[in-house]
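Okay, here's the structure, questions in a sec.
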Amino acid sequence: MAELRILYFAWLRERVGRSEETLELPAEVRTVAALRRHLIARGDGYPALAEPTVRVAVNQAMADAATALAPGDEVAFFPPVTGG
Amino acid sequence: MAELRILYFAWLRERVGRSEETLELPAEVRTVAALRRHLIARGDGYPALAEPTVRVAVNQAMADAATALAPGDEVAFFPPVTGG
Amino acid sequence: MADGPRVAVQPAPFDVAAELAALTAGRHDIGAIGSFVGTVRDSVGGRRLAAMTLEHYPAMTERALAGIVAEATQRWPLLGVTVIHRVGRLQPGEGIVLVLAASAHRAAALAATGFLIDWLKTRAPFWKQEHFDDGTSAWVAARSEDEAAAAAWGEAPPPPA
Amino acid sequence: MADGPRVAVQPAPFDVAAELAALTAGRHDIGAIGSFVGTVRDSVGGRRLAAMTLEHYPAMTERALAGIVAEATQRWPLLGVTVIHRVGRLQPGEGIVLVLAASAHRAAALAATGFLIDWLKTRAPFWKQEHFDDGTSAWVAARSEDEAAAAAWGEAPPPPA
């Protein structure tokens, strides 16, 4: 896969307006921080990703802004968890 | 009742050789400490009451050496508790 | 607590599911239930255990347990408490004690559960005697860790004689 | 642990008695079992709750729970662990989460129970949405007390982005 799979959960899913999408990885997007900027620039519901509380996981493991991305990765954005 | 009821539990019951007895309250026995001395002086198994870990309850409430005694009281001697 | 705490001392086994159901029956204000079950192990210090006998001081036991429960109820906003302690002869694997504490939130439920079992272990008049496979028996000695655990909750009653 | 921990994420209710029985079946080395049950309350902040929906991130959830259980198993000498978390729509009074931790002694069982639920609350990808009697819904906000409770156990993983 040359694409990223991107998932959204809880109120972020509602604000973005979708639960998942695929994205042909742009050349300049090499980190979580760059992906987040790229998505926010789309406007519509995406600026919700700028909320400072938003968490991110890459390939089902918690990640941070500096985490590197590669084609085929699964990236999930979500609010702080509230289970239990 | 002009008598004390005295109870013994666990290994103290085994050492003293009985689980309970009644005692006509001697005039000089007015506290738990005095009762303990009075019983220890009997010899046989009673010196087990001198063990420093022995606890005492008067009328089903934890007591100490200075607790006053009166006819009709129930006094229990026992080792540190180990339930749970 | 709407129905008051449930405190029992009994030779019969307890049924955790039934006790949980009774504690929460018709209650929708409970958000968290902490529980503790103590059971008889089959070996102690490398020796095989055949059985255990729990002796108690009947006239004092339920009163002591009720006092411990009252203290917990003062310290935390509890919506239900159950304490059941067995007495008599128990086999390895059998339950000895059950503590349940319910509250709106987990911090109170879990803290109260720990408090109840720690205080019960040092303040309720039960004594354990272990019966080994080789036919010998021994009274369990009180552990200083248990005293320390109980004391860590603070405000201990007057020291015993 | 002889049989390994049991971790499940499911829409169906859990059966505490059956889980306890499975955890302890044939085991006589267990002396203490701590447990925690989280349930749906019928009111929140003075508003009546009609139901709650638990959303999760399926590909990540069991992995996150297994990681939390592995951490508990490293920290305490556990003889059995069960973690079951429900997803989907739940009614007031229903169970949300069950944690069981068994050990030879109570200190480990109770500490592991508290650790498992504290870490689960801040590290497992579940989100609660509350549905009120008036037809409105709201996502539950994360509580700073939960972060503090989890952090108090030390050695937090790297902070999220």
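Letters A, B, C and D mark the chains in the order given here, with residues in each chain numbered from 1 onward.
Just so it is clear, a residue touches a chain if its C-beta (ideal position, glycine included) is under 8 Å from a C-beta of that chain, and two chains touch if they have at least 3 such contacts.
It should be emphasised that the depicted structure is a prediction, and the values quoted were computed from it without experimental measurement.
Think of each touching pair as a link: the shortest run of links from chain A to chain D has 1 of them.
Separating the centre of chain C from that of chain D, both taken as means of CA atoms, is a distance of 23 Å.
Here the spacing of chain A and chain C, counted between their Cα centres, is 49 Å.
The residues of chain A that reach two or more other chains are 84, listed in rising order. For chain D, residues that reach two or more other chains under the stated contact definition are 38, 106, 117.
Pairs of chains that satisfy the touch definition comprise A-D, B-C, C-D.
By the touch criterion stated above, chain A contacts chain D in their complex at residues 7, 9-11, 32-33, 36, 53-57, 60-67, 74, 76, 78-84. Per the touch definition, chain D reaches chain C in the complex via residues 15-17, 20, 24, 27-43, 92-93, 104, 106-107, 109-110, 113-114, 117, 145, 149. Residues 38, 54-57, 59-60, 63-64, 85, 96-97, 117, 120-129, 139-142, 146, 157-161 of chain C are the ones touching chain B in the complex.
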